[in-house]
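Here come two complexes built around subunit A, the first alongside subunit B, the second alongside subunit C.
On to the complex of A and B.
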């Protein structure tokens, strides 16, 4: 329990610690000390995770619960099994090397405090994602990775491109996260639990549920955006604006694998259907091919690696999509391989960038003499990426081919293996482009400064990772039993038995590899011509790229739409607002009458008795109200309004409400005086210069309101929706409150609080009036300063 | 009477709306006042039962009482309506003093 909490929360604690100390740290020159100190955090996490491995073999995964929102079944629950251990090792292990590397990479001018603050936050969030056993806990950590990634991509926020890249990543992964949350809620409808281990045992229930397809699509949207699957991949190349240690960490080994992780995590519950294979493998293979085609075009080495990462993520996704036991094992093996060689290659790019001042192949080339150590690392990394023997990449490539041969629900025989080989051709080509163009060919232009190799501190991390790549190829057994088999078992739901090796005899995958090498070399030889064609295509059809949709549709379209809507809703004309309010009220009155099924019964209305006095009062009232509206002279209008008020008061008298009449008389008299007083200070009525159209609309709207209210009242008066509580007041007024005037008793006793608040309203109005009359207009600060001088 | 009361309410609301749609800020105030009257008449009508007795206990004559609850509500409404009227009047006075106009359309976008 303590161990797992330490693993997840130690990075957060470190982050908080740096945050608290940041005022002090920012003053002193932290130099390289801060980075070295921070490296202890991933090191401790890594050691704790590795120490856990022996316990894994003993059987069931370990689960730790902390209650969070108990009533909704939301817990801070952690699950330690093979898959989370594998990812935990990747995150903390590569995290450790990245921190070491960053100590060299970041110059003293950079804001290191902020950098490590964000980086530790990200690491904690990522560890939280992979160890979560509750969907809500996972979602929380998932969103934290998006936020910290946003901060890290935008680390050099003074650059326009960084801000663009950071926003893009946040928007795309954030929208995916929302879809995923919706998916979790749909999943809850099926399983009625947020507990991941419980969900994993309910595979059959989930697959047979009608909600299976919507839940899968929504959750997969979250995975696909995070793991940069086509067409959501566009954020990843822009995220390369981040400092290289960040790219090596987030955008090769960890964050982009979060989508892979979740797909793998949930695959025992979801996989095994034709829809799963079509969706996940379809996305994966498309991404793999498209990103491969785009990668061979790049001249920026970091962009090349970015597209290559997208392509490799597609490959892992495809293997998860096949859903067989073998493909699940293959995916796990490739996750480890890819993390090792890709992180090493990113670090090499960082060294080249540092040493030459640029990482563009137009300026950088023939580096093998100036950078002999980086060259060796690049050879190992690239050959592994291309899938050539003796390196880890070869093993997983072979496994990928093998799994395409035995995939279920294959649409057409040989189609998928062919696509797999096709995609791998591009992988081969861009790997060699990186290696040969970067280290052998001479670049057309000169770099900003003469290339120089990085010192030991910068080389240490990539060297170690390159050693891992070799070990993964030569002695895969070292990892398979302890690490990969438990992980594969968690993905497939079956105990795994891996026999990894470079040589399995001459079989179909080996022949496919042979074709890959031969045809890949052909593509590489013609790369310049192919690139020229690609440039032409992308220049002539710009809308082909999803970037076009994001830039035009999202970045420009949404503000435009918002402005349009705002203009429509908030025109600034009082009349428009009134119009909307009136129309809404009228519509709701109408809807309510219809929903009550009210019918107008005129014959009953005519039968009711009415005295002459009552009739005359109402008739006069109608005249007075109309007069108020139509008089062009303001004194007449005010007097008509006063008349209306007095007639209403008289109406109260004839309708048995003497108290109201008294109050109304009093208030009306004061009102008329007040209005006259104010009007004295105001200009006379000006002429309403309105067009015929406006007049017609005004009159039309007013008549509509009048008619609707009239009919509404006719129907209300004839129906009794609810029983009045007045009988209670009438019965108990004397007994309980000791008053005979029931209206007065209601006011001061039964509804005493109403009256109290009414007095408050009055007091507030008085304060407002006083303020408006007495307070002077504030002069502008500038003019005030001027007068002071 | 039963037909006349809704008619009066309709006219009060219609005339009030018409005044509110004008450009003069004072007409807006008058219109609101009319609609306030209309709302009160709606309330009193809902409790009306033709010929009822004033709800004061002690001298019952056999006829049923008029509903006292709407009356209590109207009593509150009249007072609050008066407070709102006074507030609006002074507000328009202040607007005229500071912005030198009583036209709602011209007030738009100005800062005092």
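On to the complex of A and C.
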């Protein structure tokens, strides 16, 4: 229990600690110390997670509950099983290397305090996502990852492109998150629980439910936006504006895998139907091909890696979509492989960017002499990405091919394997573009400054990750029993038995790999010509890209729509707003009474008994109200308005409600004075601009209010629609809340939440008034200064 | 407004109003009264002083920050009472009360957490009203 809480909340605690200390930290030169200190956090998390692995083998997954909102079955609940351990190791392990790398990467001019604050927040949120055992806990952490990703992409917020990328990521993943929340609620309709372990055992109920398809589509929208599946992938290339450690961490190894994680997590409950395969594998394969085609076009190395990430995510998604035991195992293996080689490659790009001042292939090339170590890392990473032997990527590529051969619900035989090979051709081509163009070919232009290699500190992390890539290829058994088998078991729902190896004899996947290499080389040789065609296509048909939809539809369309709506709803005239509000209230009161089938009893009106004092007060009340409407002078109108208020208060006194009366008196007194103070800003007399029509409308509305409310009151007296709660309050106020003044007890105790929000509204209102008056004052002084000049 | 008669009346009435408002605040749980009414009454007393003396006795304009602290402090107090309920009683805004024997006056007094919450409400109402008054007033 303590261990899991430490794993999830230690990063948050670190983030809070940095936040609290930030005024001090920002003053002193933190230098490299802060980053080195922060590196302990992922290290501790990683050690705790690794220490957990032996316990996993003993069988059942561990679950920890902390009650949160009991009424709705929402708990802060954590689940430790193979899948969460695998992701936990990825997050904390790569997190550790990224922090070490960032110590070198960030120069002393950068705002390191903010960087590590956001980074730790992200790490905690991400660990929360993978260890959650409750859909709501998962959703909360999920949204937190979107927010911290937004903050990190916008880290260099002075750059226009950063702000654009950050907003885009937030808009797309945020919309997906909302769809996902709706999906969780639909899922709850089926399962009546938010507990993930319970949901996973209810697979048959879920699959046979009529709500299965909507729940799956909504939840998958969340996964697809987060994991950048086509056509939602467009945010990921723009997210590359973030500092490189962030791109390596969030946008290749961890956060974008959250969608994969959730798909994998829920696959025991959802997979196994034709719809699941069509949706998930369909999205995955389309993404894989489209992103591959786009990746070979990029000249910016980071953009190339971004598209390659999208393509690889599509591949994992496709494997999850096939839904067989073998494909589930293959997906798990590739998750680990991809994280290792992609993080290493991103770090290499960061080193190139640092060493040359740019990472564009137009300026950068032939780096193998200047950057010998980065070159070696890049060779390992790229060959693994391309799926060539002795590296981890080869094993998972073979498994991918194998799983396409045995996929269920295949539409046409050989179609899916062909698509898989086609997509892998592009993977091969862009891997080699990265390697050959970056390290062998001479670039057409010169880089801004002469390339130089990074120091030890910058190289340490990618070197270690590259070693992992080799180990994953040569000795996959190291990982398979401890890590991959439990994870695969969690994905498929059956115990897994992995036999990973480089050589399985000559079989169909090997032949497919052979074709991939041969045809991929052909594509690579023709790359320049293909790129030229691609450029031509994208220039002539711009609407082909989903970016077009986002830019035109979202960034331009929505403000336009809002402006149109605002023009309708926010006219800027108080009287319009009042009219709409009052008319709406009256309409709803009327509709409600009609829907309840209440009958009007007019005779009641004449049976009402009234004392002389009450009658007189009411008569005065009517006079004062009429006077308010008739007076032309504002001060008189205000005073007679106050008069109505006081008379109402007096009516309370007569009818025996001292509390109400007291409140009413005080409210009237204070508000009359405050309104008089406001009057300074207004002309003393009402202007007679109102046309006959406006007057008729106003009078009509006033009469409607009077009539509707009067009839409503008459009807309410007879109805027993709801049981009155007053009796309960009267009986229990002293026993439960220790107060005899029931009105006060209701305000501060029974309905304390309402009161809290009311005083919040108070405070917000005064802040609004403050802003309005102060802003007005400032603009006034400015215009005055302008006229003086 | 600032006639000598008004000023003299305010001198007597305002302190009474404010003392009475505190009385209303403290007894609110048992008898008519409470934070909202008391807050309004205190602000009425302050508004009277403001109308009678303007800025000649008390520099409202430069002290207005005090009233901003007042309402934000009140909000914080109410919220913290709710949080205390969360930590002690198990959920947010859980209330509790206890009776204590007062030695000197030989009476049983009741202490309710809701009363502290009410003080928060009082501070917010009072702070908002007076801030509003100084904000609108300083424009002249």
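Operating definition for what follows: the second predicted complex is superposed on the first by the 570 of 789 C-alpha atoms of A that agree within 3 Å, B and C clash if a C-alpha of one lies under 4 Å from a C-alpha of the other, contacts with A are read in each partner's own complex, and residues count from 1 in each chain.
The rule is simple: a contact is a pair of C-beta atoms (placed from the backbone, for glycine too) under 8 Å apart; a residue touches a chain by one contact, two chains touch by 3 or more.
Quick caveat: nothing in here was measured; it's all calculated off a predicted structure.
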Looking at the overlay, does A:95 come into contact with subunit B only (first), subunit C only (second), both, or neither? neither
A:321 contacts which: subunit B (first), subunit C (second), both, neither? neither
Subunit B versus subunit C as contact partner of A:622, first or second or both or neither: first
With both complexes superposed on chain A, which partner does A:703 reach: first (subunit B), second (subunit C), both or neither? first
Looking at A:667, would you say it contacts subunit B, subunit C, both, or neither? Reply first, second, both or neither. both
Which partner does A:42 reach: the first (subunit B), the second (subunit C), both, or neither? neither
State whether A:678 touches subunit B only (first), subunit C only (second), both chains, or neither. both
If touched residues of subunit A are counted for subunit B and for subunit C, the larger one: B
Touch test for A:768: subunit B only (first), subunit C only (second), both, or neither? first
Tell me which partner A:575 touches in the superposition: subunit B (first), subunit C (second), both or neither. first
Once the complexes are superposed, what residues of subunit A are shared between the subunit B interface and the subunit C interface? 658-659, 663, 667, 670, 674, 678, 681, 740-741, 743, 747, 755, 762, 765-766, 769, 773, 777
Give the list of subunit C residues in touch with subunit A in this complex. 28-37, 40-41, 43-44, 47, 51, 71-72, 74-75, 78-79, 82, 92-93, 95, 97, 110, 112, 114-115, 117-118, 120-121, 124-125, 127-129, 131-133, 135-137, 139-140
Residues of subunit A touching subunit B in their complex? 572-575, 578, 582, 605-606, 608-611, 614-615, 618-619, 621-622, 625-626, 628-629, 634, 637-638, 641, 644-645, 648, 651-652, 655-660, 663-664, 667, 670-671, 674-675, 678-679, 681-683, 685-686, 688, 690, 698-699, 701-703, 705-707, 709-714, 716-717, 724-726, 729-730, 733-734, 740-743, 746-747, 751, 754-755, 758, 761-762, 765-766, 768-769, 772-773, 777
Going by the contact rule set out above, which residues of subunit B touch subunit A in the complex? 1-24, 26-31, 33-34, 37-38, 40-42, 44-48, 50-58, 65-69, 71-72, 74-76, 78-87, 89-94, 96-98, 102-105, 108-109, 112
Note: in the complex, subunit A contacts subunit C through residues 658-659, 662-663, 666-667, 669-670, 673-674, 677-678, 680-681, 737-741, 743-745, 747-749, 752-753, 755-756, 759-760, 762-763, 765-766, 769-770, 773, 777
